[in-house]
Structures are given as structure tokens and as C-alpha cells.
Amino acid sequence: MLELFRQFALELKASGINLTILYDAFDFERFVSGLATTCALVVLCTFFSILIGAAGATVLGLSRGPAAMLVCAYVALIRNTPLLVQMYFFYFAVGSLMPVGQNAIGLPVPMIGNFTWAVIALSLYAGAFNVETFRSGIGAVHGSYEEAALALGYSRFKAFRYVVAPLGLRFSFASLANNLVDLTKATTVAYAIGVAELLYVSNQIWSDSLNTFEMMNVMLAIYLLLTGIVVWIIGRAQRAMRLPGFGVN
Amino acid sequence: MSETSIFADVLRWLPFVLWGFGLNVLMSVLAIVLGTGAGVFLGLGQTSHIRLVGGVSRLATQLFRNAPWLVLLFYCIFLMPYSIVISGATYNVPSWLRATLGFSLPVAANFSEIVRGAIGSIPKGQWEAAEALGYSRSVTLFRIILPQCITRMLPPWMNLYALLITATPLASIVGVEEALARTQAAVQSEAQASFLIPMYATLLVMFFLYTYPISRISNALERRFRTV
Amino acid sequence: MRTEIEGRDLVSLKGVHKAFGSFEVLRGVELGVAKGEVAAIIGPSGSGKSTILRTINGLTPVDHGVIQLGDITVTDPKVDKVALRHRVGMVFQQYNLFPHKTVLENVAMAPIQVLKEPRKDVEERARNLLAGMRLTEKALAYPGELSGGQQQRVAIARALCMQPEVILFDEVTAALDPEMVKEVLSAVRKVAEDGMTCILVTHEMRFAREAANRVFFTDKGVIVEQGEPKAFFANPQDPRTKEFLDKVL
């Protein structure tokens, strides 16, 4: 089977389409590891950004005080400045203040590597958008539900936790899918701080193998596939949580 | 290194970075104009009843909307000709202009969706009423439907612009000397760690001061149009 | 006035004022309901009927005046909200069932989560209450799968499951299709006949006349007139009451 692929790829090469990743083991491995890194970025940042979004929306849903102002400032700052500059700010500027360890042969190694900084920057970035998403989802829940919970003796926090937030989540899916597609696309920006994700390794491959056009198309196809998968998963979650008679979409 | 001298250093580099920021603004303005123009066609195409036009428009929209901005930027930088020949004369296409084209692709796709959404948000009854009055489909679109869409499209269009301006520093990756590239150059020539945070923070503030008012106006307009 | 049973009122409002912005909804409401009594509050739209109910369980805080519920002073800012809402149940015009919980969960969740009663006891009580509402087979359905009348009966069971001393009914038939009004009214009547103290805001004059022991007429934020239903409907004293009854009867 694999040999068949190899033959096919070599024939393609003969006809001018040079997909080294299909017949060259080194390029194939580089490509797969890049894809794995991209997937790891997407999964980790999705997790942390949803956590940030939920925490931020909870603060905004329950308080009007300084904590809420802090969350608003965070969202405004992240949304109105470039992701790339944020990433450089973390990696180069804040990173320069971080402790430096030593590796096995005594060379200095930063305690927080570029992958970790990419996860931090991307999670904070997507998290700000998720705060907005969850906040407006919660805002779409009619006040009468909270009132009914209060009338049953629930505190505001418990009413939020057991009634308002679960309903608000159901209004958030469309916008959440959008944010996570944007996050998937934004992982490419980690290229700029040298994280060997899909774009980075593709760039390496086309620099070495001079097949820019082919590699770009392969890469684009993979990103379209990844965003498609993200949309599909959110769609599944949304359907699983659909409620009879509760109007969403 | 005292506080004041770092401040003075940042101030010394500020004009240099600001000129670069001018290029960010220029790229974003050109890209929003190009992207909006192309997006109108794609968006109208998406609502077309001609199957080929509708299919091609939807495909192009989805393709450019779901592709990472940086990947589209790479396409335009690496795969576009470095010079073009117009009626015998050869013109070089500078990298910032190729980057601008790269930005206008996702802008077009996003605006295409804004147009489609706005047209879709007009109640079907209006199409039927116009048809009953003898209007053709295209006359209905241009004289009845689209005029109502303008106010609905304005806030998301401004949001799209805010997204675009914050994407322009990506051009520094492909060698365009805009504000971020110039900040990096400044940081490298100063070569001191204490200079890093103030310099990058200044750049963040620069973008924030430009973009935040746009976002605020967009939100305010959205609220206003929603209640009307 | 009804001075003779003043001392043993379970619920009493004295000089209650409430303004929303510059609009004075309640302008000195005086109202007393004894234990086991069924009180109907009637009056034109916007006369403050629903606001009166909502002040009794503290959903709407008042500007002046004192509200007493047994030994609980509702208007005390430090009132124990859980204790208050344990003793006062409420049924809303729009049912306000929680769409993400089954019928049984809707009825049982507050006693479990708020009053910390053992799940087994509460669920048994909830099933009995649902049986009383002839909804046994709907226990595992979601509210969205029920008709309006069924949802409202679930809402009544939910209020009863808290084992309150008073239940407030806020125009519980106003959102229902005409053919469902009867089933809900008979459920309310059953609750009243079982000895529950009920305060209901209603547009159903016939129901007020037949089911209530006492009728209060509100207009422009004050109680204009009150009395035994028979006398009240046959021979209203105040010209405003007469005018209103002429219009609706």
C-alpha cells in the first residue's frame, strides 16, 4: 500500500507535480511532526481558551466591580492589538525576564520554550474572543429563567451555575465554532517565533525541495480539513445538547 | 540604565516606527477597498440563482475564509510575479503591495459573507411583495433589498477592518518593513534587554489607539441599528 | 377594613412603595392574608398587581414599607433569602421551567440543591406531586415537549415541592391557549382546597369569585377595595372598582 503511494508520487513527479512528502521519508516525517504540532496547538489552546472564556464570562455575569473591569480591559486590549505583536511581546519581551536553565551539555535554555509561549499567547487571544462569545450567549438567556431560580431559593451564583450558564452555552455554539476556526487559522502565527508547526515545516520542505506550489496547496488543503473538523465537532456538541422547545438558531 | 533614558530611547525610535505604522495603515486601507469591492461581487454571486455563479462564489468564499491569513499571504508573496508588464513597460510589484493583495483575499471572503448575511436578513416577504408589483429580481435587489442592507453591513464591515489592521504586522514575516519590522530593527540595534518590553508595549499601544475607537464606533452603531 | 384578624395575618404589607425610575408602581399598598386563605388580586393592567406579588418573595425590593411573612421580615435587607423562598413559592405567567432539565428534575432540583434535602426523599415527593397533577408519565420528558397547560402544572408541582407556606400565582393562565386554562385553574383550585395559603393575580374574574376567600382590587398602585368575593362582585363600593368590573364582566 505504502509502496503504491510512493510509485504514484514518483509518477506525479515525472509529470511535474513534486510531492516529496509522499516518497521522501525525511520530508514525510517533518511534515507529520509539523501537523502533530499544529494539532497540539489547536487542542491545547482550545482547552485553555474555553477555560479563560468561561471564567471571564462568569466574572462578567456575576459582578460589576473591579474584576469585571479587569476582564473588559483584557478583552479590549487583546482584540484591538495584533496577535503577532502580542506573541512577540510574550516571547521576546516577557521571555527575556524569565529564568534561564541549562541543558545537559551546559548551554542556556529558557525555562519557557517557544511552544509554551505560543500556547500562552494563542490561548489568551482566543480566550478574549470566547469571553465575548459566552457573555453574549448568557445575555441571550431570558431573565425570567434566573428569576425562577431565585424564587426557588437559589443564590445568584447558584442560579448562574445551574440555570443561566448551561442555557447560555447553547446560544454560544455558532460563535464558538467561529472563534475556534479562527484559532486554528491563527496557530500559523506561531511560525513567527519558530514553532515547528505545519506552516513552518512546509516552508522548510519547499525551501529544500523547491516545490513551493505543491506544498502550499497541500498545506492549504490540510488547514481547510482542520477547520472543517473543528466545525464538525462543535456541530456534534451542539446537536448533542439541543433541547426540545428551546429556541436556538 | 535609568528609567528616563529608556523613555528617551523609545521616544527617539518613535518616528521611525510611526512611519512603519503608516505602511500598516496604507496596506489596510488598500486591502479593505480591494476586498470590499471583490466581496460585494462574491456576496451577490452567492445569492445568485444561476447555479455556476452561486457555486463558484460560495467555493471561493469558503476557501479564502477558512484559509489562514498567513498562508494566503505566503501564496501572494511567493507565487505572484515579481514584476508585471503593462503595454511594454515593466513594473516591479513591491512586496508590500503583494502583501496587500494577500490581505484583500480573506477580506473579500469575509465581506462576501457579510453581504450574504445582510441580504438573507431581509424578510422574504419583501422579495415576494416586489415580485407581485412586477419588479424583476435584479431591480428588487438593487432598489429595494440592498439599500436596507447598508446599515446592517456597516458594523461588521468596521469590525472586519479592525481585524485587518491587526493582521497587517504579519507582512513583517515576509519582509515588509512595517511597524513591527521596524520595532524589531530598533530593538536589535539597541541590543539591551530592558528596551524590549517598553518598545513592544509602545507598538501594542499604537495599534490599540488606532483600532479601539473603530471597534467602539462599530459596537455603538450595531446597538443603534438593532433597536431601530 | 379587616381589622379583626390583623394579628394573625401570615402575609402582611404595610405602606409599601416602589418606583421604577420616576414611575411609581406601588404607592402605599396595605394588604393582609391569613393562613389558609386564598386571596385574589385583580385590577387593570399596570396597576401594580404583579409587582405586589414580586415584593412578597423579595424578587423586587421595595423603596418604603414593611412586608412581614410570619416571623420573617422580607423588607429587612439582611433577610435570609433561602429561608424566605423556602416558605414562599411562586408560579409565573410564562411557566419559566428550566428547559435543560427533565420535568422530574425541574420539580426536585431546588429542594436538593438549595435546601440540601436527601435526593431520594425529594424525588419520591416530586413523583407524588406529578401524579397529583396527572403528569406521572411525563416525568422524564423535557419541558419543551409539553403543552403550555402541562408545563404550568409542572411549575405548580415545582413550587409545591419546596413545601412552602404560601404560593404566589402570577397570572398563571394568561399565556395559555383557551382550552388549557381550565386544567390549570382546577390544579390551582386543588392546591387551595388542600389548605395552602394562595395569593393570585388573575384576569379570570369567574375563578376569583369561585375560588378565592378574599378579593383585592388594585388601581394605580394602591389597594382600592377588598372584600369577600360574593359581596365584592355583587356590590362594589368604590367607583373605580365599579368601572373596572363593568368593563370586564
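To keep things simple, chains are lettered A, B and C as they appear, and every chain counts its residues starting from 1.
Simple rule for what comes next: contacts are C-beta pairs under 8 Å (C-beta built on N, C-alpha and C of every residue); 3 or more make two chains touch, one makes a residue touch a chain.
Computed from a predicted model, the values in this text were never measured in an experiment.
Student: What is the shortest path, in steps, from subunit B to subunit C when you may only step between chains that touch?
Tutor: The distance in steps between these two chains is 2.
Student: When the mean CA coordinate of each chain is compared with the mean CA coordinate of the whole protein, which chain is closest?
Tutor: Taking the mean of C-alpha atoms per chain, the most central one is A.
Student: Kindly indicate the chain pair that has more C-beta pairs in contact than all others.
Tutor: A-B
Student: Please tell me the distance, in whole Å, between the geometric centres of subunit B and subunit C computed from their C-alpha atoms.
Tutor: 56
Student: Quick check: how many Å separate the C-alpha centres of subunit A and subunit B?
Tutor: Centre separation, subunit A to subunit B: 21 Å.
Student: Distance-wise, how many Å sit between the C-alpha centres of subunit A and subunit C, to the nearest whole number?
Tutor: 49
Student: Any chance you could list the residues of subunit C touching two or more other chains?
Tutor: none
Student: Give the residues of subunit B that touch two or more other chains, as numbers and ranges in rising order.
Tutor: As it turns out, subunit B has no residue touching two or more other chains.
Student: Quick one: in the complex, what on subunit A touches subunit B?
Tutor: Touching subunit B from subunit A are residues 76-77, 79-86, 88-89, 92-94, 96-97, 181, 184-189, 191-192, 199, 203, 212-213, 216, 219-220, 223-224, 227-228.
Student: Subunit A touches which residues of subunit B in the complex?
Tutor: Going by the criterion above, the answer is residues 63, 66-71, 74-75, 78-79, 162, 166-170, 172-173, 180, 184, 187, 193, 196-197, 199-201, 203-204, 207-208, 211-212, 215.
Student: Applying the document's contact rule, which stretches of subunit C touch subunit A when the two form their complex?
Tutor: 57, 59, 81-82, 84-86, 88-90, 92, 94, 96-100, 109-110, 113-115, 142-145, 158, 162
Student: Which bits of subunit A are touching subunit C when the two form their complex?
Tutor: Its residues touching subunit C are 144-145, 147-155, 158, 162-163, 166-167, 170, 243-246.
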